[in-house]
Structure formats: structure tokens, C-alpha cells
Amino acid sequence: MIDTPDLVDQYCHGVLRTELGLGTFEAHLGAHLGGAAVLPAPGTTFFDTQTGFAVRRWCPPLLGLEPHCPPARYLARRRELGAAEAGRRLLRASGISTYLVDTGLPGDLTPPAELGAAGAAEAHEIVRLERLAEQVAGTSGTVEAFLAHLAEAVHGAAAGAVAFASAASASASAPEPPGPGEVRGAAGRWLAARPVGGRLSDPVLLRHLLWIAVTAGRPLQLHTEDPTALNGFAAATAGLGTDLVLLHRYPHHRAAAHLTGLHPHVYADLGPVLAHTGARAAAVLAEVLERAPFGKLLFSSGAQGLPELHVVAASAFRSALVRVLGEWVMDGAWTRTDAQRVATMIAADNAKRVYRLAGSR
Amino acid sequence: MIDTPDLVDQYCHGVLRTELGLGTFEAHLGAHLGGAAVLPAPGTTFFDTQTGFAVRRWCPPLLGLEPHCPPARYLARRRELGAAEAGRRLLRASGISTYLVDTGLPGDLTPPAELGAAGAAEAHEIVRLERLAEQVAGTSGTVEAFLAHLAEAVHGAAAGAVAFASAASASASAPEPPGPGEVRGAAGRWLAARPVGGRLSDPVLLRHLLWIAVTAGRPLQLHTEDPTALNGFAAATAGLGTDLVLLHRYPHHRAAAHLTGLHPHVYADLGPVLAHTGARAAAVLAEVLERAPFGKLLFSSGAQGLPELHVVAASAFRSALVRVLGEWVMDGAWTRTDAQRVATMIAADNAKRVYRLAGSR
Amino acid sequence: MIDTPDLVDQYCHGVLRTELGLGTFEAHLGAHLGGAAVLPAPGTTFFDTQTGFAVRRWCPPLLGLEPHCPPARYLARRRELGAAEAGRRLLRASGISTYLVDTGLPGDLTPPAELGAAGAAEAHEIVRLERLAEQVAGTSGTVEAFLAHLAEAVHGAAAGAVAFASAASASASAPEPPGPGEVRGAAGRWLAARPVGGRLSDPVLLRHLLWIAVTAGRPLQLHTEDPTALNGFAAATAGLGTDLVLLHRYPHHRAAAHLTGLHPHVYADLGPVLAHTGARAAAVLAEVLERAPFGKLLFSSGAQGLPELHVVAASAFRSALVRVLGEWVMDGAWTRTDAQRVATMIAADNAKRVYRLAGSR
């Protein structure tokens, strides 16, 4: 059968260190909007979602319980072990051997080294461009200093980071970098008005930031609502030597996969789409495999806060690959050799090539 | 097996009282644009659609014929029984125990009480906001009177109606209510220009109407082409205590289901999507179940004119639920208990909670 | 079982006459943007796509090799036979009995008669409107002469062509034809500025061209990114007697199929969507069959350059039809008779009716 012993999680976050009750755990099963967890409607719970059911399917056995046990029982067992030990057991059972960790989220999440140690895996940092710019703003007195330090900071970060990430994709849809005067004006206004800890959302500065990152020699990961909005930016950055990786959002996974076939330097993430569709992961994976060249797809979990989400993403992905590719082999549409080769590409090899992961198995 | 003895049809219309020939029956199998039935192309028939095949699959046995009998034979039998008796047999076999009926369509369709009596079911009225405003316009002499009566009429209707419905979703995409001067200007222009029986399509008045309805304490059902256009309105109405129910249009069912996970007060309808996809209903249902919290989905038929469409929607829904959830149980992805619970939620319990249906079983 | 001995390929191009190496063959497996082949990313190949795997599945046996043999071995055998003989064997095994050939692509592709002779099939020309206008521009001295010759050329071409095709769909989304002054102005600017062999991309002239074509009495095929953008044009051309055929682009096949149910004169192509999804062709076909009236769907290959692509499209389509319709018959959702009838409609009969193909079987 098709086998993927080695998974590179090309986009995820750290996990919470604190003990979690039912409510705090549940909040991480739902969506987040603008950094805040969405609440369940009165009379409903986010345990009643594909994500909730998938956690109950895959995780209890890793902590010594039967699959699908009630959430309260699972959380009691989790607290009994302690968050750290439960996290270790879960992450080590996930099959993920390398984590690429976006450290740009707020909250007390484990940094890459700690996540790697817990999971007995390699870990590398993905630098979130907006956070970097906000840090630079906090230590730069003038517009000129800010803009000079910004470019330095991005190029400096490229030495230690495996990739850059940004949520600025809507702002990036203009295919040209902004002019110097435009950038200076936007920087002046933002620096003058921003409160302490203020977030960067100025579209001109975000666009400027993306174009700096394009010159920094690391793959650039873009959170994107509708990937077709990035077509112009993709065309404008072709041939510059920097790969773009679409962190595509449901339900636009087919459009994202399709886009990877139109630009040599555009790749697509598939993990988060699979991670939250539970029993439907195989169906969604099959859609992603329709039009993307198989060398352009990268596994990831997109997990945030709960090691259970890393486990669910990895389990759903592997189970979906076996089912989808296995069926195509049975039908005579693919050979077993090709299926195994494609599985390994998506699970790990494409990521190793794109991120030039040294020391990879 | 998974069982749903009790269906709440959370959005439908009444049925025709007249006897129907092949052509008039066929016209109700195709789409309607702007209130008028779309014609089939020369050399084609709307019996050759998933809807037509589904009617031939599910309905003839309820009138004592073999499944898939020719349309002419089915219609002959229907006329032999008479439209009223055929309607009774069809509706009573549908398994629908409560109908929520939008009375805002033109034509001689049975009102809620008559539909309920024919189907031996409860029935409640959904008030179409545009029709209410047009009635108020017909009896108000001045702009001031119109606007005062409009607010009174909406709040008055809330006492007897189970919900409001509107097709104004495109106009509603501006997240703010229009200002009083803007509303008065629009009302003046519309009242001056409208012919007798003229329809309300002024975007400012439609937006005003939606915001009145949001304060009236009943769920607001929104016909929507692309549900992502409603994101702003959903964000603006969060926390006001009024639920929004997306009557989503094919092929945007995944986007609508996804949106229900982003806002606590947003729900999605799934019936009309399933009702017209026939042999594909299970596949479409499975897509809707990918990202929506299971507490946010509501069965409905969207049926209009033909009791056959209530039957097809209910049959397709139940058959799809059994197939989709049954497969997930077989795979070990869900437990049988969870599957049965989710089936009951979508079939009836979510609607009972959202619409506060008293006397529900 | 369901059988489709007779396929009308309602939209394709000719094939290359030259011998092909691995690289030139591979370039035709990927996408084309603006007439140029997209390159594969470093470290990847377009043989690792559904299209590549489908070519390896279906084509080697037609040249006496085992399915899924390595690309280099297949191409060696192809050169051994010669491009012409390999093309003959492939096309004659495709089951396509009529080709409608868009002759508007650059490059040395076989014209319709030569494609038909190679495939032992009928062949008819589809005239690309933009190419026609560019030819007229090259031989017209003045704006007045150009506009007069343009209308003559379109109506003249209608005598010999089976249909018109255009990629002007975005420009066409304005539902009204441009006014005469607007057209004259645009023609003057374009004629003055255009280099020798310059392409027509002026939106006013493209719109003018579409509206001329609408009066020429032949079906009009429209390449379209997002078919919903054509809704206004479809509404404006209803009742004029000219059919519109959406050459719809992935992943918008569901929206295109849906649109065919809203306008009597709108049809949708399904071949290119299936031709490049390989092992997923049945799943994609099933989606197209959800909402389109079955009399509105037309098989095509969209093949260009490689006869292998005609073969893959035809094989994928037939295999998908057997699987999808066969499953529905097994489930009792459709009768076998209906399934066979719908298969024949989509494979050939709808195209024969729409294009009034004389001498069709």
C-alpha cells in the first residue's frame, strides 16, 4: 500500500502550554476571525463539526482511550497526563518529522525549537512579515530609519528563517511595487498614527513589504481568500527566483491548485483544507489533485494551539492519500509506483526541494 | 440505520390547485428568472434533468404507478386522482411534519394552512419583506406615512410570522443601515414613480427594510447568489439577537456552509441545493457537511407549485443522509450515535430551535 | 452497458505535423497562457499531472505498448511510426466521428480536412472571430472599409463555418452592443496603432464583433473564465436565434452547467474540463450533470497539438459516462434506457442538433 512515513508540515503554529478545559479546547476547534476565536451559536458546540469528530476519532487512542470517547473524558485524560506529556505523545504519533512554524500569532504558543523537541522532529521558523515590520516600527524614530531598517530586517531574517509568510494577499493583488514617494507617505502616516503595539494594515506598506520579501531569496507564503486575486502578482513575480506558496482557503482549493499549473513559481498548500474536513478529507484531496502538477502541492497542518490539530491533519492526509491513490491504482488509472512516488512528493519531497531543507532524510 | 421520521421544511411555497398538463408541469421543473419560468430549448425538455428524473423516481409509486414511468402516464394518473387528492397523497408521504411557507410568490398557490391541511402537518408563514413593503406603499399617502407604516407593518407581521424572507441580499451587502435622509429620498422617488402593483427594487429601501427586520426578533432568511457578499452584513448584525439564514444558491453551497462557521448567528439552508440535483444529492450534501457546524444546517425543500417537489426534496435528503452518514459510520470516521444525532439536528431540531417552534414533537 | 460509439468533438484544434522529443511533447501537457506554453518548475515535469498519467494510460496500447510505459519509451515508439502514422492510429482509435476545429491558433497545426482524413472522420471549421477581424484589418485601408468588410467577412464565413468562436467573453459582459460612433473611434485607434500581424484586443471592437456574429446565424462559442460574467450577454441575446456555447474553464464547470438551465439558448462544453482531470474525470462529469438540462451539454476534447489529447478526452469521457451513469442505474435513480439516451445526447446528438450537422449518423 501507499506509505508516507515522513511528513514535512510546511505551515503550522506552536501549541498552548496551559491545561485546557472543555470551553478553551472547543474554542480552538472553531474558526478564528481577526485573531479572535468565533463563538459557537447558543445550543450548539464546535465539537459537532468535522474537526471535532476527527479529533475524537484520531486522538483518544494516542492517549490510551477508545476512539470517539466523549470530549469530557478525553480532556480529563489529557489533564491527567498534563498538557506537555499529552502534547509529546500526540506530536510523536503524528508522523511529522519536520515542522515549519509561523511564529507570528499572538498568544503563548511554543516556539519552533520547543515544538520540535516535543515532537522529536526538526523545526524551522517562518517569519511573518507584518510582525517584523511592527517590531521595526517600534524601534525606528523616523520614516527614513524605518524604511531602511525594514529592508535590513527582512534580509536579515532570511538568514535564519526557512520562509516568509503574510496575510497581505489582497493588498498584493496590484502587480507592481508601490513607488518610493508613495511608500514614504504611507510610512509617515502609519508611524504617526499607530498606537503602541499597533498592527500593520496599510495596503501600500504591505505591498512594499511583499516586494522586499520577493528579493530576499526565501519562499513567500501567502494567506489568500480567493487565489485568483493573486494572478497578477504571480505574473509580475515570475522569473525573479522566489517561489510563492498559496496558503489557500476553503472553498477555493480547486482554484489554488489550478493556479499552480499556470505559473512555474507558484505552489499550493493543502493541509488546512484537509485538516478541517474530517470524513471528507479524501474527497477534498481528490479535488486538489485534479489540475495541480503533482510537484506543486505541499502537505501542511495549519495547526494552531492544539497538538490534536497536527495529529488530525497528518492522519486525515495519510488516510486520504491511501484511499484516493489506492482507488486510482485499483482502477488502472495510475500505477502503484507512480502513486507511491506522488505520495512521497506531496508528503515531504516537494517541501524539501522548495525550502531547501538541509539534513532532510 | 439512520432515521429521520420528522422533517421540518424550513423554506417552501404552496402548491398549485389547478390540473396540470405536460407543458405546465414541465415548466415547474425548470428554473424561474424574475418570477417567470425559463423555457426549455427547442428539441429538449426539462423532464431530461436531474429534477425530472427524480420526480419520475420518487413520485409515481406514491400514486400507485411503477417508478420511472413516462411523464404522460404519470400526469394522466395525477389528473385521474385530481390535483387535490394527488397533492394530499404526495405531501403525506413526504415525511414533512412542519412547513414554513414563504407566501410572497405570485400565482394561485395554497396558503400555509391549506398546505398544512393537505399534508397533515403544521404550517407557519414566512413573510416576504418586499411584498409587505409594496402593500404598505399601496395604502400610504405620504413618505412619512409610508415609512411609519412600514416599521409598524414589519413589527406587526413578526407577531404572526415564523420568519422574514428577502431577496435583497445584494443590496444588503453594505454593512450599515442607510441614513434617514437617504431613506426619505429613496422612498419619495419610489412612491412617486411606482405603477400600481409595482415591485420594490430600490436598493436603499431594501437595505432599510432589512435593518427594520433585524430589529423585529424573527430569523431573517436571505436569498443570496454568492453568500460571501453577505460577509459584511453578517459581521454588522452580529450580537443583535437576530439569526440570518442563507437560502443559498447552487453552486455556492460550500461557501454558504463555510460562512456559518464564521458567525454565530448565521445558518444555511440545504434543501434547494439537494432538491434539484437528483442522483447527486448525496454528493452535494457531503460537500455541505464539510465545514458547517452541524448545528447550523437546516433542511428545506424550496418547493414551489408542485407537491412533487416537496416529495423529491424530502426523499433526496433522507436518502442522501443515509448514504453519506452511513458510509462515514462504516469507515469508523463517525459513530452511529453521532450520525443519528446529526441527522436529527439537520432534519428538524436545528429548525425547531432557531424558529422556536412551539408544539414541535 | 452504456455505449457511445459515435462522438462529435464540438471544439478542438489540429495536431502538430513534426516529430516531437520529450520536451516539446511535455510542453503540450501543461497549460498555455497568452499563446505560450507554461514551463514546468525546476525539479518537476508535466508528465506528473493527471494529463500526463492519462496519456500514459490510454495511448501506449494504441501504438502497441503496455499502458503506463515510461514517456521516453512511448516517444521512441511514436517517432519510429512517424508523427503522421502515430496520429492516424491514435485518432482512429478515439471513437470521434466528427471534429469541429477552431483554426484560430498560431502554429503549424493540421487544418480540418487533414485532421478529418487522419481520423477517418468528418471535420468542419470553427472560425475564430478575432483572427477574421485581424485579416480584414490587414486588407482594409480606411475605418469605413474595415467596418464594412468586417460585417461582410463574418457573414461570408458563416456560409462555410459550422460555428464562430471568440475569447472576448470578458469584453462581452456588457449586455448592449457598442454604438456606431464608439465603434468607429475604436476602429480608428486600433487600425492606426496596430503593428503588422497585431492582435485584436480592443474591448469595444471585440464587443462589436460578437454582436455581428450574433446576427450571422451560427452558434457562437465563448471562451470564458467565469461563466457568471456572461449572464448579462446571455439575457441580452435571448430570442435572437443564435445559440451561445460556453467553453467553460475549470474550476467553473458547475457554474457553466447551471447557466445552461437559465437561458434556452445557452449550452456548455464539457470536454476540456474532463480532458485534463484524468482519474477524476468521472467525478467532474458527475458535477456537470447536477444542474444542466441534459440537452444542453456537449462533448468536446479541446485538444490542441497532440492527437494524444483527443484520445485522452474521448477515453476519459466514455469511461466517465459508463461509471457515473452506470452507478445511477445500479442505484435505481435512473433507468438504463434513460442513461443510454442521455449518453447519446451528450456524446453526439445535442451537437448534431445545435450545429445542424448534415450527413450525421
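Of note:
Each chain gets a letter, A, B and C, in the order it is written, and its residues are counted from 1.
In this text, a contact is a pair of C-beta atoms (placed from the backbone, for glycine too) under 8 Å apart; a residue touches a chain by one contact, two chains touch by 3 or more.
By chain, UniProt protein names: A, B, C = Amidohydrolase.
Only a predicted model underlies this, so the values are computations on that prediction, with no experimental measurement involved.
Superposition of chain B on chain C using C-alpha atoms only gives a rotation of 120 degrees, nearest 5.
Copies chain A and chain C of the same chain sequence form an interface built mainly from non-equivalent positions, shared numbers / all numbers used being under half.
With centres taken as mean Cα positions, chain C sits 38 Å from chain A.
For chain B, no residue reaches two or more other chains under the stated contact definition. Interface of chain B with chain A (complex): residues 254-255, 258, 261-265, 286-287, 289-296, 328, 331-335, 338, 342, 345, 353.
By the touch rule above, chain B contacts chain C in their complex via residues 30-31, 33, 38-46, 48-50, 53-54, 57, 67-68, 250-251, 276-280, 283-284.
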